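What follows is a set of notes on a single structure, which appears directly below.
Naming follows writing order (A, B, C and D), and every chain is counted from residue 1.
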Amino acid sequence: MADDPAELLHELIVATRILANQKVLDAFGHVSVRHPHDAGRYFISRHQAPELAETADLVELDLDSQPVRPTEFRLYSERVIHGEIYKARPEVNAVCHHHSHDVLPFCISGRELVPVFHLPAVIGHVPFWDQRDEFGDTNMLLVKPEEGASLARALGQNWMVLMRRHGATVAGRSLRELTFRTVYGCENAALQSAAMAHGHVDSLSAGEIELSSAHSVRPPSTNRAWDYWVRHVEKAGLMPAKGVSKTAAKRSAPTQRTRPKAPKKSKAKRRR
Amino acid sequence: MADDPAELLHELIVATRILANQKVLDAFGHVSVRHPHDAGRYFISRHQAPELAETADLVELDLDSQPVRPTEFRLYSERVIHGEIYKARPEVNAVCHHHSHDVLPFCISGRELVPVFHLPAVIGHVPFWDQRDEFGDTNMLLVKPEEGASLARALGQNWMVLMRRHGATVAGRSLRELTFRTVYGCENAALQSAAMAHGHVDSLSAGEIELSSAHSVRPPSTNRAWDYWVRHVEKAGLMPAKGVSKTAAKRSAPTQRTRPKAPKKSKAKRRR
Amino acid sequence: MADDPAELLHELIVATRILANQKVLDAFGHVSVRHPHDAGRYFISRHQAPELAETADLVELDLDSQPVRPTEFRLYSERVIHGEIYKARPEVNAVCHHHSHDVLPFCISGRELVPVFHLPAVIGHVPFWDQRDEFGDTNMLLVKPEEGASLARALGQNWMVLMRRHGATVAGRSLRELTFRTVYGCENAALQSAAMAHGHVDSLSAGEIELSSAHSVRPPSTNRAWDYWVRHVEKAGLMPAKGVSKTAAKRSAPTQRTRPKAPKKSKAKRRR
Amino acid sequence: MADDPAELLHELIVATRILANQKVLDAFGHVSVRHPHDAGRYFISRHQAPELAETADLVELDLDSQPVRPTEFRLYSERVIHGEIYKARPEVNAVCHHHSHDVLPFCISGRELVPVFHLPAVIGHVPFWDQRDEFGDTNMLLVKPEEGASLARALGQNWMVLMRRHGATVAGRSLRELTFRTVYGCENAALQSAAMAHGHVDSLSAGEIELSSAHSVRPPSTNRAWDYWVRHVEKAGLMPAKGVSKTAAKRSAPTQRTRPKAPKKSKAKRRR
């Protein structure tokens, strides 16, 4: 993953466009990446359909999901999903929350999602989480830190969690690994549903999952898929311009030194 | 919702293009909006595939679904669906009738449609209506006022009604709320069908429906989705020009003062 | 339907492009129209994927499906489907044979196709035909006149027939009626399959079929759908140029007077 | 199939683009063709998403799947699939390995794939292969020659083999026959799944398979479909330029005379 923040923000927008173009994201859902130089912060778009986000729309949040600098932007109400997972899992550097139509049938039926061919072995074991269990009737959005923390506990040491009657959240060590796991998690779901209609589902053995997954998360696989998806993003006219706007570049690393007390100020505005 | 009639007619065309581009509408179906200054009238396209409608194709009808001014245009034979719902439900300002392939399986199988994830909570309880029950064998079109009134009674205080062996009708307080509910009603149907194939359907609790729905009908949600769908309408080359034609603008508010006896004249032509 | 042969040939190409663009036709399948001035002949493309046909590719055949004039073109091996239906059904002026993915599941499962919503009422009763019943093991193509005649007998006085392990053949009084029935026959099949997966299929009553069908085959319905499909053909860059090439125009009505003994000559070449 | 190597390499790229455009191939999968003048070698792209391959990306391998000349290119780890089938089946000149979403449900459920309509009769009997049977837990990729040889034995004298929890491999006497069989194998799978959901699957008789298959593999059928798919590749902007780059042309026939000991050298690098 890019070490240069400006480069990384560009890659975040590309990953988001890939996931939109692959029909994983639609008007809702969001993708984030952890700051490459400060594990206590992450970048995510302001509140909008993720496909529409440009680097200038990215905001920098702390792990309590509060803006590092005051901002006029409306923020995603569910951003605690990202912050709480980054808190709980130091090796996670990228997170995606989505409502893919391939995965939602499992969130509605409660049937377990299991790797059914080699490429999606990277999803591994996929636990369930139901907001109702701990919080009763809600508007089903994860807006409080404790709701995000509860989801992060359900995720545990896994890489994907299904949220009952809601959607899925996926984690990765890098944006490319995240994108690969997110897309193949959806493909696995679609194909498992099709096999369920055949009346039998054969899944990978524990050994096959471990060996296939280890192979697929390596750059030759994730880059091969990334290059293919990027070509399709280009054909769809969705590729963001490479030059990162000055505003956005500033908003990442450089300007961080100039924000002495902003965090506390913005924490005061936290919705709870 | 726009208060300026010319602005509102443009928004009606945009909503219609969104619903066509999202594959809710095809050669058939129609969308209408109530007059912002006169609760006794509404706007709807002349008889044609809804995707093809321009503001110049819009006609102004009274709640008996008769043209406010004589017109040479052929009108939708099922326009009483709109007029009778506006009569029965003062808070409804926009109506859509469609035959979406997501929803029709429910109209054919008679299986109940229930909210299965948070975004479509806005459909609430969805009753059924069968034209055959009250009117016996027909050509299945709602052409008589009493057929429209019967459908409006089945809709009751709900926001979406399924019509057996026919399609669906959806209502909204505004065009954006209507568009959101119509699209997510279809998505819910598709996903519920998929979960039914898994053998189990978990639906939102009454409390979750109430809380999720209250959140989703607010502008941050409906606008976020609207902006996304508009972008896709633009990419599909379907965005109507913003400048409303003079003819169309005239046909709305300004010229209404000049029609003293037109309504009765046109009522005489009513098909019954 | 156009009375001018040149106009009619253009409409045949448009109908074919509509059916290709609606995914009814692919590399295989074909559409024909009866000669407007001579009930004993019909027009059909030379052997090729139907979407690629231009008016210059159309040939004129007699009802034995032999070329009216000698031609170097390779002809569809299954053209007897068209000729034998025109022989048996004087009111039929247009025929389509296709392998739509919506309809094929019924041809494979043998489940009866029934009208499940109002628009496809125009398919009416849809009988089955199995080439194996009368002809045993074949290459499953209808190449002999008696195979086409057998299919025409199975069609009887109906408008659509399903061919086991093969596809469907649809008839119409005009190209627009044919196009409407063909597209809605496919939509009905897709929706009936979806309702079957729900576990129950409610179909139109005999009275509803009769009344709905009578309404839908009238020009206001078939033209409304035709105009919509034409717009999509235009957007897909598939609209044929309106000007009919001189060659093609000549090959239709005008040059027919110059073919004194050609038919018998070409009959000698008939494959049997 | 083209006898001129440069022509043949162009056709290999076209076949690959067709299979990508028809959604058979995605980021993964690969297609190869045997050298027209030397049965002991074949051409395949370097490691990348197959849709992105140009003729300049093609490498020439011997039947041990080792490069004929040293190359800097990363190679497909699963290329032994191709080499071992070319070894075992002298009449096979083209091979495709893919993970089509139509076929994978059968690889997961273990349900037998059978020809359900006339066009896919060319798939004939389709055996299964499970890497686990002979090799236990692996990363599920066929990287060793003995893994490729095991798959070739399972294929036997058939033309398509399903790989459990993995995908499919298809063979052909020519690139066009391969492309036809690969696409129709997928269409058959999709339609058989749909008929299975109807509760009954009727398949072709042995005689129908033999007669239909013999008809479909002839050039009139394979070329008609090829021309149609090429048109769609053109419309998608995927058609490769006809002029083969000098580099690529050189890499095929001409430069073969200049490689005296290269094979042994590269064999030493073989991964085992």
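Quick note on the criterion: contacts are C-beta pairs under 8 Å (C-beta built on N, C-alpha and C of every residue); 3 or more make two chains touch, one makes a residue touch a chain.
This is a predicted model, so every value here is computed, not measured.
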- Message: Going by the touch criterion stated earlier, list every chain that contacts subunit C and also contacts subunit D.
- Response: none
- Which is it for copies subunit B and subunit C: same residues on both faces, with over half shared, or different residues? different
- Query: So what angle, to the nearest 5 degrees, turns subunit A so that its CA atoms land on those of subunit D?
  - Reply: 90
- In whole angstrom, what separates the CA-based centres of subunit B and subunit C? 35
- Geometric centre distance via CA averages, subunit D-subunit B, whole Å: 50
- Query: Considering subunit A alone, which of its residues make contact with at least two other chains?
  - Reply: 197
- Task: Could you classify the connectivity of these chains, where an edge means two chains touch, as line, ring, star, complete or other?
- Result: ring
- Given the complex, residues on subunit B that touch subunit C span 26-28, 47-49, 51-52, 74, 99, 101, 104-111, 132, 136-141, 164-167, 193, 196-197, 237
- Note on the structure: Within their complex, subunit C touches subunit B through residues 116-119, 121, 187, 190-192, 194-195, 197-205, 207-208, 211-212, 214-215, 220, 224-225, 227-229, 231, 235
